[in-house]
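Labels run A, B, C, D, E and F following the written order; every chain starts at residue 1.
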């Protein structure tokens, strides 16, 4: 039976690599879910190049393998789409011209998933959606009880832009102001470039955020920075929300995005870092944002977004399996040496 | 002196082919204007592919000639940028996520230009802006006193979409409902495809709109249709607002747009039709909409948008000259046979 | 219930603009069909640029309107997807490396649809598929009882190429040799360029084919040529198979194709011609071929393919309605003057 | 034997569709030529978008058929590459930074071909090359004895630009000033847009040039204009040089060019017009210019350039055959009705 | 003298950077060869995006330097195209629709080259061709006597796909099954992603293949993995076949390929690794596959393919020189410090 | 007041991210400058793909932030556009067809800036311009008193090419020959590939240049090489000219360039290296060359060029601040830990 559901805002009604559908308005359809994928096709908060409204559709489809609801990870030796119960709820209706209505609708969707005991994985959309994403999770888990690990070229801590409190340059500020996320449990990785200015940086410092600019990452090594950040993230928090802005990767490897900032991570680094997050941390929600298909070439950025989702799912699945079996994953193990 | 003014929403502050600047908030800066160009970088009302926010910047720049504020028309033998007093007011600030605030701001801008006695030429942006464009003009000239000549593949007479009364599929309905434009003075040229459905068509017929679908245009000839439409447009109306959606042209010749519908006019036909409108009708305002640079190739759609503006300006200039001199333009005159 | 069926060869399982699914292996699922859409994602017969394997998926999806199984035609005032019973059978599995096996599978599929009393509309794929398409229809309707109206830049009457009897340059020859289609009931429209050579042209003349090269079309007018061709097509034949190679359109308006030949029809001309075919002729099958997404820009060729299918469907629907009601469609009727 | 010759400036040494090579420095290698193809890979005279240096290579290769030195024309029923003796001399070395040296080298090449009794077909390159092309021919045939038929969006009659007498906006002025071509035997077809200004137009009128702007062409019909122009071209001149700037075609159909001007001819119109020129006029030289591959998409402009060359060759071949046999080509003749 | 030979399947007949031609059917033409380049323009085995049929032509041409048969390596200080005797045999005719016939033809070609004592460098084409490539070499050198070093994102060890034993996901399985290559002499480098599944991995483990997934490579370092792999490759084998699938590189740096898998090597890493292979191992054959020009941008993937070939050639040349002279190459030596 | 000045050669008159204008011909307008930006829109010296004439315009505009003359660096905690006095002088008129005139004009411009005590940052343009750039600086600072740090894939030390002493493959040789820069104070970083050949390398060695090929850089580490190079650069020289050819970065990350050579630095490495140069060395001039927009995708190479300029400016600003305050920048310092 095809569930009644909102489906896609744009194009045909497809699910992430063919997983089963659920309907957000019918909690019974995802009562047993481990993960629920939610599309947030919203680019009304974008300050420059739009197009992320097509991100959910592109991320769902970017794969050369059959869309059959199975993806065995070579690296982690789990098949997250099979080992976990994963549904795709389609898109939340988010009209670009109505930012407040759109964010409210998404927050409800994320809260509903979290309340059902599942992990929401939200496919953006521009980064504005991190506000409803993390708020929706925090409403269930407790304001201040969820830390935020945030991969991005930009701090996204602006105040008012274009006369609006909401937009893709401001979600992190709103989250801290509301108390949904504690400033000192905000971990930002990959910042670089020429924004924001001193005033905003002072505000951030005042909130005791921890932001790893690329210079520090190059000087100390990404793994050392992550290990340090993970310690902070799990201190006095029950869960971690992972927000991945694809522009943390160098524009040369991820051109399909709106605010490209040269000098980023490699795709390999991002995938490894996402894997570590989901394997080592108690992740309670994920969003993958700022994939903008009109600026992509040969779908390479959409593929990267798809693989970030799979890497997160696989990390979660392997974490659960190792927890159940008391085992531990070894990255240096040869592929064909058993599991 | 650089005028204080809002300037561009995106990118550098350039004017249409180098004409002088004015500032909307300072009427003295355009008191002597014949035409004021206004950018409306808004794509928050777009139902599908966004990107028209970059339309104003692209249309202003798409020219291989020096940006020197001079463009002598070979066809009409006027230099509209010199013969008319043309200013560029920069962009109206229009945040995609706030459709109502954006439309209000644009309506004020258009009204201010019209009230100053000048013709506004608005560079879109998506077609949502036709609502504030024509309303702004009608507020000055009188509700019901301005007819609307509308080149488009789509009727844009939808009611509510994505829960909103405003969007690029609905401006024409809102204009008729408010009384700004009489339904029986609405002339639509170039419609085709599979939208809207019977209910909306009935509403349109009830309003006594006159819509020329491509089949009729092919059967009767575009010039015959235009002549008929011009007669209606000037009956009991004091002025004509010309709204040009670049998607009236076949997507093969104008790919940089959001809702491409195959089977349209050629670029040549559109340019000739715009010229006739501005030469034969008392045009009081113009908008050129739906140029979406992210989907363009080699700037060809931006060039087309630029040339539509120049054709309109040149038609206006030649109309004024012929009115002053009692002459008449002859399209069959050889280029080098004097003026 | 999701039917068991082969589904798509590539990407997610979507249907043409959201029509219902059927399964070729279960005739009951399309027993009441007027039309069955069949994907033929095959480019193994392509002599130059490949990519038409993604044609079916692209043609199915290329629309900015909701994929809701409804498309009311402004021109013909029917909603073919509603007025007719249309199913989408998904793709036939066609491995590029096995041309003979692929063609056999497709011929079976087309035959099954025809035998069920429905009209197959096959989405290619390269033009090799015209052989199984028309053969499949002729097996049910009688060899020599189906004429073929063929829009194309190329005659596709080659003999052996790359050592193979099968390929996208040869299907028309194979059809005549087998007797499936009579040579003197082969109507080719839009040929041009530098292929084939004299020997093949002699063979074609010997078969009494009627091929309208662009020079003749320009000299006499497309409508006059079509009227003449329609007379031939309906003489001593019970049905007409319509084969539309998108390269009949000028490459400037349809760049997404493999063997572009400058100087073709406009998109408007093709749409009008397809409409006439399906409204005036007893069409028993249709294929739309040579849409190659890797070479497309902004999906404009995919949109054209989609609209060719809709135009064909709408023509069929209007033909049936007029036949039932004793009415006749008038192309010059204004859009809003009732039906 | 591979001839010693300069070969290509860029990329591999290929000939136009596989015709035989000759070496400009060895007249014996083309003593029996009817036509010699010469590459002029020069974009140093371009005022805006460069890239035409790759025009010769792109035009030579843009074909999906085997590069076998044979191209039977469906329209004209000749195989120009076989019926005529056609060689390809490779490229003239033309360093972009040295415009005067480059033009001198090309003029020598064209003169050498003409002096050998052959028709040069020069593949540009930007339109600067029309100066050495027509001069080289006139040096052999007599200054003032060659008229020039010039398809272009632009008059190319500028005086000094960027401080230089030479450039792609000025060749026609230089040709008239030197006396190589009489001003009153200059036929320009397809002009449009906003250049040049009144001063230059006055100079042109003073030279008694005949320039057909698109408005006149639309009003009177292209064929009528051509017929009129042909009468002028053959009055008191012994030969005609045909210069085809691909930007005469609408940018939608020929995007790969440097100075796109919307509102041009269709590709079909250009091909038919070139055919008429070469069939009806005593053509002594041809150039095809302004194909700029970096701005092209899916090679469609390169294909158009290739087909312009083939159409010219085929027209020449058919003209010679009909002259020899006392026959006349009929455009309305069906393709398969004999020759 | 131009040799009679098959030449190219597509486009003009060019050789790899201008090296001399040979003809496969005439062994005398390559009797003295060190290396023979063979084009395998086949994409009939591709499971997703096609286009590799244009790989040979693109790889041959992708260079901004003169195509003069000389390429002095800065890194290795040899000019492989001069120091070695290198011919280009053109393409093997490989019709996409006939996979078995195509593979047979290629196997014969490779065997002929190997039998002549030369190293074949095969330009793909999709990875299906590794089967005939390595088999052709093994037929001469002995089944089981050639190890295979395989750079790829994918294991290519599938069994039956789309009903076929042959395709670009299966060549490695077929090679092991036939005994041409021992499973325990198969070295795979760069695997990642979500294919194949456990069953195939079990089969691979059962064959004692050694596959380095990216996780292991990151954890241990690429150089350490290569050193280990080289030891295996030279144990009980007489030669090494090197198969380079360009998709081993991250799609951001090599977008022009059919099955992009994010998270790969950098181009720099691949070039260094290929150099090590050819300098340190007794390479008896090479293929470079999966370059798909339709998906490329600005030829960057074609350039990478070209440089992989040059790096292999240069490594071979330096290996021979050092063997002859008893010297050894030092990567840390400054460029200008002598040879 | 808008200064009278040459302005841009192409497109609208914009300045680098909105900094103030100055006019080269009026030294008073930049008498207080720390830095003057100069556009050199010249691609007449390009040996292969042109397009760098649009580099200055693209580099000036490639930013998603407001063009407001402020760019606070997260890494260096300076706002170079505010902390330094930076003007943009527009473009030098450089006609592609006149290489000698163009170079003379640019040399005068650079000399004028240097003579005014400011640092010129020249936006190319092809690398030919390094000759007038460094010469202009050396004329003021003394021939032989300025060392040159040169990031590039190519040595650019060719002698005569295409019959010209000038071109983008030769500037470094001309600089050494004239004595403007000492050969043994020439530091080249990032060379690779297959050019130049032994003869030129011998000449380079004879000049005692120090060229770091990528193999050495990989073997020793980029930072070690830079440190060594910096020691040489500051020995017996008073200043350093920094010349950055964007093709030093891998084409995968910087596709918009003319002579792409796979295997380069990452964008991150280049930015860090430029920062070190400008922070650690007494830089007296900079050029950023070979950004070719026609070959770019989604502006990523233009963004990289823009960021190279900002990184240079920020390094200069921080160097001055630390010199004034006796402080030192620590790359490992966390972003929010004070300044």
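One rule holds in what follows: a contact is a pair of C-beta atoms (placed from the backbone, for glycine too) under 8 Å apart; a residue touches a chain by one contact, two chains touch by 3 or more.
Small disclaimer: the values here were computed from a predicted structure and weren't measured.
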item	value
Pair joined by the larger number of C-beta contacts - D-E, E-F	E-F
Type of chain C:chain D copy interface by residue overlap (half), same or different	different
Repeat of interface A-E, chosen from C-E, C-D or B-F - more than half of residue-number contact pairs shared	C-D
Between chain B and chain C, centroid-to-centroid distance (C-alpha), Å	38
Separation of mean Cα positions, chain C and chain A [Å, integer]	44
Whole-Å gap separating chain B and chain E, where each centre is the average of the chain's CA atoms	57
Sites on chain C at which at least two other chains make contact	48-49, 250, 252-253, 255, 266, 295, 297
Category of the chain touch graph - line, ring, star, complete, other	other
Set of all touching chain pairs, with the criterion as stated earlier	A-B, A-C, A-E, A-F, B-C, B-D, B-F, C-D, C-E, D-E, D-F, E-F
Chain F partner contacts - residues on chain A that touch it in the complex	47-49, 191-198, 201, 204-205, 209-216, 218-220, 250-253, 255-256, 258-264, 266, 295-297
In the complex, chain D residues that touch chain F	9-10, 43-46, 48-51, 53-54, 93, 95-99, 101-102, 128, 162-164, 166-167, 294-295
Touching residues (chain side chain F, partner chain B) in the complex	1-2, 11-15, 18, 60-61, 67
Interfacial residue positions of chain C with respect to chain B in the complex	64-65, 70-75, 79, 249-250, 252-255, 266-268, 271-272, 297-300, 303-304, 307, 310, 331-338
